[in-house]
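You will see chain A twice below: alongside chain B first, and alongside chain C after that.
What follows is the complex of A and B.
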């Protein structure tokens, strides 16, 4: 069973650790990584890619120093190696223009506002992970207990 | 009025031609009236020495406002003389002892065959007068527009101030409740665990008392190292990296510990969560403080401000953040100035906060902030120096832009407005903010001229 990663990006550690807490039920099936900046996330992606690991989901904040979340996700959308990664933008402050860019250029899969609901974040993550597993042709039986059943049913019927 | 070279030459020629007659010379003492607005004037005056000032009033009931000053060689009464109205448009007063020469309306053109009619000879002077008046009108319009903008800006700031005050009151209430309830919850858990889960309680406490962890990258590397050295899985390596600095600390606890790691790590993380709850509340309270300072209601500039007091006030405000950092203040004797206390507190808070964040951004055995104030050449200087990592050369040009930020972590206000607001306030006092930076020494210098015009803008 290949290691599948989830990467959370937020420059504020309290937020980062809270997101990871919310995703704890996924931790026995997926490896959850934390990054405090877009740059660190890119570095980690390269490293994981070099090790032959997959990244299924990135949950990123938007307002961060040096490089914003939307910029990070846009760059990933344009990079063939990472095009299959599902993307959630989790933000407390994004302008109308940022949001449009997030949809049109970064092709985000979901937009969540802070303060977020932990259960909702987990549910959306499960749906996106289910899509990823099926799309990549992985054996979904391995992950069955953390996948979203209705999504799975829709995709494989 | 200032003249360019051509018009000066033209005026000199006209002086030679028309203004040498000893019978048409006049002296005025400082304060004496030359012309009264609306009164008859049949003369064209040429100012030879001294200074005249023109005043204008809209009607009899309003006050005279100063329009402009005349210095030699320049004409006065051009409009009344050449328009044929023979009525003074302005009140003109000698503002120092003056010598004048004049023409009256009976004057005849000289050398008409060479230079043309009187009007033709004086044409450069008339045109110059018109253009000078137009420039004055434009200046007045610009000044008027700027004044209006300042009023609007002041209104906006006062609205923001009121909004910020209301908002911060509500938010502080909510935060107070969160903070008090979580403290209660924490005490309850602490006592409960101590009584019923003695061995796990130790890890709960350790999490609760833990210092700010290293950044996520260091943790990841440490986790990998632990995986290798301790022969544990990825998740366990990660969990251990959060709790321990060194693999020997883990080994010291024996094999039994690793077997129960998941359980212990859960308790540690729970303690850590309470800790982070406190960080988050502090962060939010800090932001509210900054926003209140941002929408300062008190921008009134009053005489009697000691700049050193505003620096001390800012240091007080920032004291909760500064325990790890040594602060040296070298306060020189400063003259009192006309300024707003809260504006300057805001400037120092921004600069101090920047320095703190720079100092905490990288490990530093002896983080230090030095503030030095002194008075030299009619200027007050304040230097805020830190021994942090310095500002990268490619960033230094951009640091005063409103959306520039390199901040990360819990301290930051994070909107990247700090330095641009600083600079706006400082330049409104005709002051200047400059920065020099190299690794180990970054110095922001505020230079404030005290003879400066302290208009509230």
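What follows is the complex of A and C.
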């Protein structure tokens, strides 16, 4: 079974921990990584890519020093190596313009507002991971217990 | 240690067999070629049971190892003349297993199913067929089962299950939390898909593997198979429905299944409808038109390619893994048969002393047991060549229908293994819905497995009474 990573990006440690806690049910099948800045995330992506590991999902905050979340996700959308990664923007402070950019240029898959509902974040993550597994031609049977069944039914008929 | 043994056993056991002196085997005049086939068979069995590698990869491995070790164009040291060498296989025959008529039959089936899905014939048919069953939960369940079974006769059981579960999901969501009916509905789909596969030669790969051994006097045509397969499916489906609605009665009094969409009326969609109907009719007509089922299967392949209904991109989505899995089984059977091993091994074991009924019941039960824990196709791949050789050599079987009776019992048993989430992909998908627990699935699966097996024996008995086999 290939290692599949989920990366959470937020400059606030406590937010990161909360996100990781919400995603805990996925931890036995996916490797969950934490990054405190966009730069750290990009470095990690490069490293994982060089090791032949897959990244299925990035959950990113928007307002961060140096580089914003929307800018990070836009760059990833334009990078062929990382185009298949699913993207969730998790923010409370994005302006209208940021949000438009996130949809049109970063092609985010989901927008979640802070404070978020843990169960909802987990459910959306499961759906996006299911899409990733099927789209990448991985054997869905290996991950069956953490995938979203209704999404799977639609994708494999 | 346990994780390592999964990889070590399939490597070590065949190696030990290869290195053993011929005289250690309890088979008289065993040849080196036969010894190599035994090693390959053990390798295949261990790989299919333990699954250290994907099951189709095992098939490919068998074919390549046969080419290297027991073919007339294999590695130089495997062909050194010796009185014990035995018969080597023609490399062309081994390679031809990739395009055996059985594979072509399945390819035709895949094209039909793909075109039907692409032009939404399946979903639209489901909508129309479901209407007469009304809104009472019990009858909606029957409707869903009938449709699932019918589709799985021509489409893959897995694809049918996914489609029907997708239709069912919004309905399951409105059930009360502790309504047992949810369990019944979620189980009805995989059960119907597994049972439905029995109905036609292309319904599920084990059927096609059986056809490979039903040749000459024992030939069973597509139409003949359906003539006993479909009634069998109808009865078993009805029993399963009674069982499910008794065990898991729904508290809701009304169910509204909504399937959106309309029949496509584009010229291409009409070509799909016509070709689908035509192919099935030609299959059912048997030999009247001079074509056998394998030749007929290639007609939709040509039509859909020419009309671009199946495009270059669609071609890539064909389940080559299923085709290769079956090819490996055919290659294994070829090796067992052509080296003479199958006949020799069967002669070495005093099966003649057993009652033929014990053989039929024993082989079917073994198959049913294996099919519950591993892939149905892999089970059939392993058992069918042995069962066919056994059936051929055991003359005491003749009053009970001979080789055909034995092969049919084992084939049907392979499809009846459905008591665990790991038994079949449809079971795994339904289990993933979160509405069923393993115990409930086991209760239903074991009951249907045993009832189905008893029905199979009864069916074979009837077929023998009317002189069909």
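The rule is simple: the second predicted complex is superposed on the first by the 157 of 157 C-alpha atoms of A that agree within 3 Å, B and C clash if a C-alpha of one lies under 4 Å from a C-alpha of the other, contacts with A are read in each partner's own complex, and residues count from 1 in each chain.
Following the convention adopted for this analysis, contacts are C-beta pairs under 8 Å (C-beta built on N, C-alpha and C of every residue); 3 or more make two chains touch, one makes a residue touch a chain.
Source: prediction; values computed, not measured.
Once chain A is used to superpose the two complexes, chain B occupies space next to chain C without a clash. In the superposition on chain A, contact of A:144 is made with chain C only, not with chain B. In the superposition on chain A, A:40 makes contact with chain B only, not with chain C.
When the two complexes are overlaid on their common chain A, residue A:153 makes contact with chain C while staying clear of chain B.
Contacts of A:12 after superposition: chain B is touched, whereas chain C is not reached. Of the two partners chain B and chain C, more chain A residues are in touch with B.
The gap separating chain B from chain C in the superposed three-chain model is 15 Å, by closest C-alpha atoms. Counting contacts as defined above, no chain A residue meets chain B in one complex and chain C in the other. Residues of chain C that touch chain A in their complex: 54, 117, 158-159, 162-163, 165-166, 169, 425, 428-429, 431-434. Residues 212-213, 215-217, 219-220, 234-235, 269, 272-273, 276-277, 279-280, 283, 405-410, 414 of chain B are the ones that touch chain A when the two sit in their complex. Residue ranges of chain A in contact with chain B, taken from their complex: 3, 11-14, 16-18, 21, 27-28, 31, 33-37, 40, 43-44, 63-66. Across the complex, chain C is touched by residues 139, 141, 144-145, 147, 149-150, 152-154, 156-157 of chain A.
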